[in-house]
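Below, chain A partners chain B and then partners chain C, in two separate complexes.
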Partner chain A sequence: MSMEAALTGFQQAYYKHDALDLANCLKPTPVDRLYDFWRSTNEVRVEHNVKHAITYGLGGIERAEAQGWIDVFVHFWRASDKIIKADQAQNQGRLSERHAVEVYEAWKDLVQTFQKYIGNGTLPHWIIFTLYFVANDLRKFAIKADTQLAKAKPVTFSAGLSDDVVATTPKNQKLEEAARVFSRIFALCMSDRNPNLSESRKWAVYCIANLQFKTYFKLKTITLCKNLIKSIEAQADMPPWNLYPKAHRVTYMYYCGVIAFLQEDYNKAETALFNSWAYCYKGSTKNRELILTYLIPCRLITKSEIPSAQILQEFPHLQTLFGDLVSSIKRGDLAGFDKAFAEGEPEFVRRRVFLTLERSRDIALRNLLRKVFLAAGYEDLKEGQTEKDRMRRTRIPLAHFATALRMGSGGGQTVDDEEVECLLANMIYKGLMKGYISREHAMVVLNKKGAFPGTGV
Partner chain B sequence: MRASPFDAPSQPAAAPSEKPQKVEWTPDVRDYVGRAFEPENTIAGISKEDTTKKLRDVISFFAERSQLESVDWSTYPLPQELLRDERAAAWAQAQSNPLFSSPNGPANSTFDTPQSKKRKSQDKTDLSESADMSVPPWRQTNLESRITYANANNQKRHKKNALSGDVTSKFDQADLEKRKQRFQLGKNGNSSTPPRNSPKPDTDADVDNAPCVGTNMSLEKSYFRLTAPPKPETVRPQHVLEKTLSMLRKKWKADKNYGYMCNQFKSLRQDLTVQHIKNDFTVKVYESHARIALEQGDMGEYNQCQTQLKALYSQNLAGNPDEFTGYRVLYFVYTCNKTDMNDLLAELTPADKMKPEIKHALDVRSSLAVGNYHKFFRLYTIAPNLGAYLMDMFIERERLHALANISRAYMSVGLRFLTDELQFGDDGECREFLESHGASQAIDKKIDEHGKPQFRVKVKEVASVFESLRQGAFAMVDIKGQK
Partner chain C sequence: MSGAAQGSAATTKAVTDDKSKNGEPAVEKKPAAQLEEDDEFEDFPAEDWTEEDTQIPGGNTHLWEESWDDDDTSDEFAVQLREELKKLGQTK
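What follows is the complex of A and B.
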């Protein structure tokens, strides 16, 4: 791609007002693409060449705006220079963190150039979407740089006057820096005072927010996510929600859902995740799978509902992830649950659903106890009662429950009697079972009008 | 003008026109001062600040003794000349001083600054010129020259150039050119060092040149926040610190004076830090402090030490990583920190999870996660090491949780049941707990057939009381543990 060739692409995209195509001109991958462009000039002449190409190549752009584009392409050239050097170093097996950092820094300059010219109104408002793509690349470069830095220096020991031997320096310096850049881009969007909403940068609010979410998740700073959501909610005068591109909305809802999930606000999480699910494009299997990864544990907590076999069939990954667990819960098989849970632990922990899924053991337990209840059969009919008055026995000896717990597959649970009581007490406390325990009679007295809410008995 | 580490940082370099108020300046003195700042009198490698400071020292030295007039200022060496000679002598002394060991701080970018580069070559040349000067080693007694950071930098340069035999004149123009070039080379050479995470290059240089080996022999030392690199005679070398640690451990067993202990430990840690000591002993110190903090319930200090230990263990230093990983788990249970707990779980290997201390802590976590108070309180009684102290921090809120549970599930229970389930010392303690939390009305006292009092607790009646107490107890933690 020579200088002229790159700019032809740019020209076409520009006249079509196509932000995505324009962004594609500035894509750093694959690296081969950049070689021609890189070779078409050098550090000494790049400004001159770009200026020439843009001024004469592009008709109809005002001088002020042209200057902006000149700057952009000069920075793009410099970034390409660093990217190619890093690529060469990698091929020669001598990639060091310095290369990755230089690529990151050069790309950051490109992003900031965009910021500057968008901010002062030189570049048209729709370029904000191009900036979104360029900023996304910055995120990737930052992660690469941090990985290289971490390899070079795993632990920092204190210099300076600190009291302690190890300096608590951040592990993700470059990504944190990138996050701050994104914040400023976000501010750029929110602060657009253009009364004509159709020409406002506010249309990029959600996609930039999504970029920030992605970054904060990697940095594990959930608080910052919360702040971001709050600031959007506080903003009046935005374009109507349902006029935003669906893709932006689905992603945004997904993140809101996960953020609520991580803070154990399962009701809120469920609403958001369900919304995201409902609008998600049926063809994006991966996205739908991601949504379900959090929606399923959520439902387990809020509604004590297990996902249907149908859903799990549709998503093989989820079947692998949740399959055994879900069938153990259904059967009331505690040993099976524990086994499936232990096996799935690494994956659950990685997706941060471990601590939530743990609580679904209660449902397995409830199902087991319900079986005991059903097995206890019916009271004998009293005088004057007919068949339809037949009621289930509601006074179940503790021993029955204890036996059921100890009987399970794989040797059952080793629980002493007090622990059985404790588990039953929990069921009642959490509303999964209605009744009370009588120690004196070593019995559970279940509610006649629904011992296990939501299960038909 | 003796500066000590406990003084406020020294005042900024006084401009030539600023002088102490009370003294009269004779023309001779003023002339001397003027000459000190004339450009043709600058000595390469001695900065204006250094000159100013030295000038101030010299003048106030005589002023204090009212001897300003007895000095022949026209022939008295200029401050920069004094500095130059001192440094040369110091370097000569440094050659033979066995105490010096190389510092192991990160790459020093002040090599790049022209000042240090020039000083380096300048001192190099001084070796041959002043090797036979018998001046007392500046490092040990002459504090005045140590006031500036520049001297500390010299010491390092000296060591690096120990064996170089270059003899060139200081003021040779060609030499200045060479030095300049060396500076350029040095700069490029260093640009490939890994980017450092430390705050500023100059603080790095300072600590790099901070006393590598302290000379303070006293066992005890109070803690003060450092605002400038410490003087070696205030810092205790490792062998002294080892004695300090045993002394402190014995003292803690004898009388539990936590305020004193904490203070001493902080100064211990500080001495380790400034001397860049990162070894098994360092781990011992942090572990000891952490344990004492745990016993005392000082979560803040404990957490600080824990953070340090985590990093130190990752360097494969000897210590008790299992014990402290167990504490980390319990700490996250205490703070209800789900995010960090998740990350910690991700770090543990299956082998780790079988280690007794870690397994215990994980069992505590999981039993609380499902509400199994019965198991939880049993685990409390068998907590290994100092786990029980950590668990003490949240035992009350878990008791309230359990009571909230029990009061919904039972109509009434015997007091003994509660004492056992919630692991109170005895019935009396249990009753006290119930009463102090507003459940007195539920306690029923009956006399049984043997005349002994039997207590029953009508828990159902106080279900809402315990529920709101439980919510309150956990709400506080949410604020703290929330990320």
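What follows is the complex of A and C.
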């Protein structure tokens, strides 16, 4: 196939102003799709051939812009060359970190070429979205390169030197470098002063920010995410939020939610995560599951509510993760809660929900105490009262709560009376139970209405 | 600089291949890295979609548990609790 033929897809996308189609022309996976373009030239002739194909293919565009595209496709050809060679090496079982690093470096050159020509206004504004996709692939290549480098490292240096090596070459060297490339692209979007919003690079602010979030989470430098959010929130002349594509909004809200969650700002986290959940594409099961992984613990804290059986059924991973814990909370089963919590600990820690879930033991306790309240039954009806006037007994001996706590803690544990009072006082303080303790009478006097707010009694 | 690193990689590989001690960390690292990957918010198959393709038409009614199963007679604990509390009442 000739170079001209290999670039027809690009021409069509260019004339349609379709950034996504154009990005598809520059997609590095699967490798097969690169072969036609790759075979149409070689290292020696690539500049000449690309120049010829672009100059004749895009008739009537300005020289400077043509030069921009020539540069882009020459770099794309060089990256393709590295990708194909790495792929061949992999098929022959001789893939080394060198291949992965070369692919990364070549792709980085492609990204930076784009960046340069968008930055100086040579390429049209809408190409910023194409750059987003190309940059997303850079992130993936950086991760691959780092993985290969990490694999190679233990055998690269003798044990005596390895300490120094760790100090000089960080584990995620390439991804950290890519993160700096993304920051510059982000700045390129934010700094667009074009008063005509329809032609602004600001439309790419959220998708580039998402790319940075993913990178920072991988690098475990979550503080940098907060700075990013702050700088977006401080930007006054942004296009209306609702006009951004849902993929950008849902991803951005997910990360904002998780970041607020990690800062223990659960109300903010819940709003953001719910927003992400509501607009999330229904077919993206994995993403919906991830949103719920944080939304569920959030809701436990903000509203003391557990997820429905139905929703856990719909997501088997969540059922495994939260199922036992949630059913223990529902039953007010403290021993069951402690067991499920201990069993789930490694996974809870890894998912960063451990500390939040720990606080949900209060809800299990609330539900246990609520059972004592229900078991106390109703006051006798007075003269003239009918069934619908029936009131629950609200004066309940402390001993009743003590009995329930002893039963609920798995029998073996002793719970002394002072501890019972302390637990009850805590529940009242936290607003999970309304009433007061009368020590004199060894009684708990609960509110006649809403003794356990939000639970129907 | 990278050339030097590659060179030493090639020369030391053979030496360390039979040293399982040095090889181990790399093997252990792999599952951990995959798990991390697993946590990543995925790229959506499209940039935008209609509200029909979201959670909005169904609302959030089924997200949170609303039933308390208070009349559930199979709740063994509640039954047992009533028994125990009854005993307390009698000893008073």
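What we mean here is this: the second predicted complex is superposed on the first by the 346 of 457 C-alpha atoms of A that agree within 3 Å, B and C clash if a C-alpha of one lies under 4 Å from a C-alpha of the other, contacts with A are read in each partner's own complex, and residues count from 1 in each chain.
The rule we apply is simple: a residue touches a chain if its C-beta (ideal position, glycine included) is under 8 Å from a C-beta of that chain, and two chains touch if they have at least 3 such contacts.
Remember, predicted model here, so these are calculated numbers, not experimental data.
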Partner chain in contact with A:R350 - chain B first, chain C second, else both or neither: both
Which superposed partner A:I437 touches (first chain B, second chain C, both, neither): first
Which of chain B and chain C A:A152 touches, first, second, both or neither: both
Which superposed partner A:F182 touches (first chain B, second chain C, both, neither): neither
Partner chain(s) touched by A:F401 [first = chain B, second = chain C, both, neither]: neither
Contacts of A:R98 with chain B and chain C, given as first, second, both or neither: both
Chain B versus chain C as contact partner of A:Y429, first or second or both or neither: first
Partner chain in contact with A:W38 - chain B first, chain C second, else both or neither: neither
Overlap of chain C and chain B interfaces on chain A (superposed complexes): 96-98, 101, 152-159, 350
Residues of chain A defined as touching chain C within the complex: 20, 96-98, 101, 136, 147, 150-159, 210, 214, 217-218, 245-248, 250-251, 254-255, 274, 277-284, 286-288, 290, 299, 303, 305-311, 330-333, 350-351, 371-372, 374-376, 397, 399-400, 403-404, 407-408, 455-456
Residue numbers on chain B that touch chain A, as the complex places them: 105-106, 192, 194-200, 203-204, 207-208, 225-229, 266, 269-270, 272-273, 276-278, 282, 286, 304, 307-308, 311-312, 314-315, 338-339, 341-343, 345-346, 366, 369-375, 404-406, 408-411, 413-414, 417, 420-421, 460, 482-483
Contacting residues of chain C [partner chain A, same complex]: 2, 5-6, 8-9, 12-13, 16-17, 22-23, 25-26, 29, 33, 35-36, 39-49, 53-56, 60, 62-66, 68-70, 75, 77-78, 80-82, 84-85, 88
Partner chain B, residues of chain A touching it in the complex: 96-98, 101, 149, 152-170, 173, 220-223, 262-264, 345-346, 349-350, 352, 354-355, 358-359, 361-362, 418-419, 421-426, 428-430, 436-439
